[in-house]
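Two complexes, one shared chain (chain A), two partners (chain B, chain C).
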Partner chain A sequence: MPPKASPPIATSEVRFRSLFDNTPELILYQNEKAIILDANPAFLALVAEPRGRVVDHCYDDFLPPEVHALFRQKLEEAFAGKTVRFDMFAAQGKSAPRHWDVVKIPLWENGAVVGVHMIARDITEKMLAQQEIVTQNQDLQQFTYIVSHNLRAPLATALGLVDLLGTEEPDSPYFEETRTHLQASLHQLDLVLRDMNTILAIRDQKNLAEAEAVPLAEVVQQVVQNLQEVVAQCGGTVRVAIPADLSLRANRAYLYSIFFNLLSNALKYRADERPLEVSVTATGGEGKETRITVADNGSGFDQQQAGDDVFRLYKRFHPHRPGRGLGLYLTKTHVESMGGHISVHSRVAEGTRFIIVVPY
Partner chain B sequence: MSQRPAVLLVDDDAATNYYNQRLLQRMQVSQEVLVASTADDALAILNTRCGHPATAACPTLILLDFNMPLFNGFEFLRAFTQRHPALPQAFVVVLLTALPLNPHLVEDQHLPVTAVLTKPLTAEAVNQLLRNYFGVS
Partner chain C sequence: MDTLIIDDNPTGIFLTTRLLRRDGQPADVITSFVSPVEAVAFFRQQGPTDALPHVVLLDLNMPLLSGWDVLDALQPLEAHLLGRCVFYVLTSSLAPADQARARQYPLVAGVLHKPLDGMTIQAIQARVLETLPS
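Here is the complex of A and B:
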């Protein structure tokens, strides 16, 4: 039996036309003067222009001025016969700025380059993921640095004190005092290790499985209730304005901890000159991001000096008030475990405002 | 300078201050060991006592904790050098750190740090400081 004839391969023209029309990558064909001679539908869709307003126009018209020189240079290199590849971050036409992996490929005819194809792939997601990993690595490195210093400090003192103890007269006041300080150092060491355990437990991804739809107003009311006595004692008021139906997919205990920490801080760092006023507001729901604001009229801090350090582990800003520099670090970790972000605005003697944004 | 200097200890941790103070006391390094638990307190001590650094009241040996809340060791020294641009040369400033610091980290600050020591402070290290910088043998 003769072999069955295989179906004919589509002509090159049909194949390449299909690729050109349907690929999500941007494809342009340009002449030496950077005029666009052909553009695929992906490009037209990105710049949101009809074909007639793209073809026969200069590519520069669709690029921000700061990348014009780069594109000219790369186009020249391609016309010199080289396939060139580069990354850029830029808007094209009316689109938002994106990261692009750009390849320019010369088209040869009779030994000369007659035009250049450009293929641009959107690598924004990849770049963002990469940047996040870099940030996370930096965070981890800083975390390790801070933790090792904060573990070694009480340990070093304990090592010194235990040597000293060996040289003091037993039952002397010096012996007793040295022993007391030794004990304090060991407790400090223990505290740091316990902090690590708390932090690692929050970061443990398994806890995300416990996320449930938690009514925000209910949790905040619970925190306010538990702090009511302290608030009343200092003559303060807490105003809560949160829609009753607003809930957040979160671990309830973490959510409680966030508000407990922020309100405790507002109480701790209140201004002596005026009664404390704290407002807790939130908006969101129905497919929108949740935006929570906790604002007080307390003593505030110098944001210029502190920067983002307020959220840093064991970083403290009020030497004369008790605190270990753990609260805001934990708050940030809790917020981030919900996929959210926390920021702060503060002015000395005016107050502090924390803003938490959790994407839908 | 073969006089035993007055010493200023700057650390936010009470146990560390006690240990350093007791060590120096036992070694009879100085007539006077001053203790400050915050950078502000330390600056205040220097302000009141060091109008003339050459006098005995001024602590010319400063043992400074690197890792303090609010003001770390560098920030303290920056505030000190800003307030008294001419003074720091008259002092021996020893940075005490929990773990060895990268030497570049210290050099890059261009601050008057004479030496960096890893905690805990030892009698041997103190003797070396006295030998090297105060001519005490």
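Here is the complex of A and C:
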């Protein structure tokens, strides 16, 4: 049996018309004066103008002044017979500014360039993803640096202490003290490695975290209850004002950790001169962003001195109180894993206020 | 060689003190500050005739004031301290950038990596004998 005949190939005109009409890329055909002689539906849709207000108009009318010169130059190069390609970030017509990968291709007829086709591809998503990767790489670099430093510190101490053990008299009190310090250093080393595990586990699940609608008031009450004894012991009060129906799409364990860390900090860094007062308030819901405030009247810290370091890993601001500088770093990581943002305002001897904003 | 240790970690102070005791002279006076803020205050309160330590071993990574912040805070006293007191940065960090940064401070004679060992202590002693009037 003869093979089935393949269906006939559509005519060039039909094929290219289909491409022109249906591609998501912008296609323009221009003359030497940058007048648009033809524009495809993708371009008309972007600038939100009917065909009649685009064709026979200058392309400059649709571009911000700062890229006019660039476009003129590239058009000239194309009319000189070169296919040119360039990136730009600009608005077109009334559209929002976007990243464009632009190609201008000369159309030849009888040995002369008679017009230039432009194809512009929207590469905004790709550019944003790239920027995100760069930022993440910088974060990782910073993270590695901090980890290596914080591993080396207890390790160097342990090395020195072992050196000492070799020369201290085995029965002397110094020998025993050195041994105790050695144990503490190794314990510290182990803690740093455990911290890394905790942090990596959160980062791993950043996008996988089981998000559910978690009632905010319920989680906060749970945290307050678990810290109640400590609060009572120091004569403090915690006031919670959160609408009962306000919930947040989040991982419940992360949300718990956020409030546990913030309230533990308020307790740890309370002012000795006055009883601790903490208020936890939240607004939002029904299509609006959720705004959570945790404010205390504690010892506060010098915000100018602390700068952006407050949320950094292993950064500490209260030399006379215990702490590893992990809590706020974890809190920030948790908030960001929900797509939210955390900020802080603090005044020495007045108190500290944390604000968490989670977009709807 | 009288030495002042500025280190926020008490274990670090214990270790450095014991190493200096082991490899130094019996008459050496060794003092320390866990708080960099108090260390700066100490230098500011020093009168012109008060006894300064020969050597200051300064940790870098400390809460509130880093070792660099301490050096910045001491800048107004530089003329007074130069030739009377030799500073060494003593850090567990191995970052090469520390060396370059330390060179910007005339007070700082060098960067030492923790832990101190006998040879380094002897080298510091030799340098102190050389540069400081006894």
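Simple rule for what comes next: the second predicted complex is superposed on the first by the 246 of 360 C-alpha atoms of A that agree within 3 Å, B and C clash if a C-alpha of one lies under 4 Å from a C-alpha of the other, contacts with A are read in each partner's own complex, and residues count from 1 in each chain.
As a working rule, a contact is a pair of C-beta atoms (placed from the backbone, for glycine too) under 8 Å apart; a residue touches a chain by one contact, two chains touch by 3 or more.
In this text the structure is predicted, and so the values were computed from the model without any measurement.
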item: Joint occupancy of chain A by chain B and chain C, clash or fit; value: clash
item: Which of chain B and chain C A:152 touches, first, second, both or neither; value: both
item: Which superposed partner A:161 touches (first chain B, second chain C, both, neither); value: both
item: Which superposed partner A:316 touches (first chain B, second chain C, both, neither); value: both
item: First (chain B), second (chain C), both or neither touched by A:185; value: both
item: First, second, both or neither for A:232, with chain B first and chain C second; value: neither
item: Doubly contacted residues of chain A, that is, touched by chain B and again by chain C; value: 149, 152-153, 156-157, 159-161, 163-164, 167, 174, 177-178, 181, 184-185, 315-320, 325
item: Chain A - residues contacting chain C, complex; value: 145, 149, 152-153, 155-157, 159-161, 163-164, 167-168, 174, 177-178, 181, 184-185, 305, 315-320, 325
item: Chain A-facing residues of chain B, complex; value: 12-16, 18-19, 22-23, 26, 38-40, 67, 69-70, 97-99, 118-122
item: Chain B contact footprint on chain A (complex, rising order); value: 148-150, 152-154, 156-161, 163-164, 167, 174, 177-178, 181-182, 184-185, 188, 314-320, 325
item: Chain C - residues contacting chain A, complex; value: 8-9, 11-12, 14-16, 18-19, 22, 34-35, 37, 61-64, 92-95, 113-117
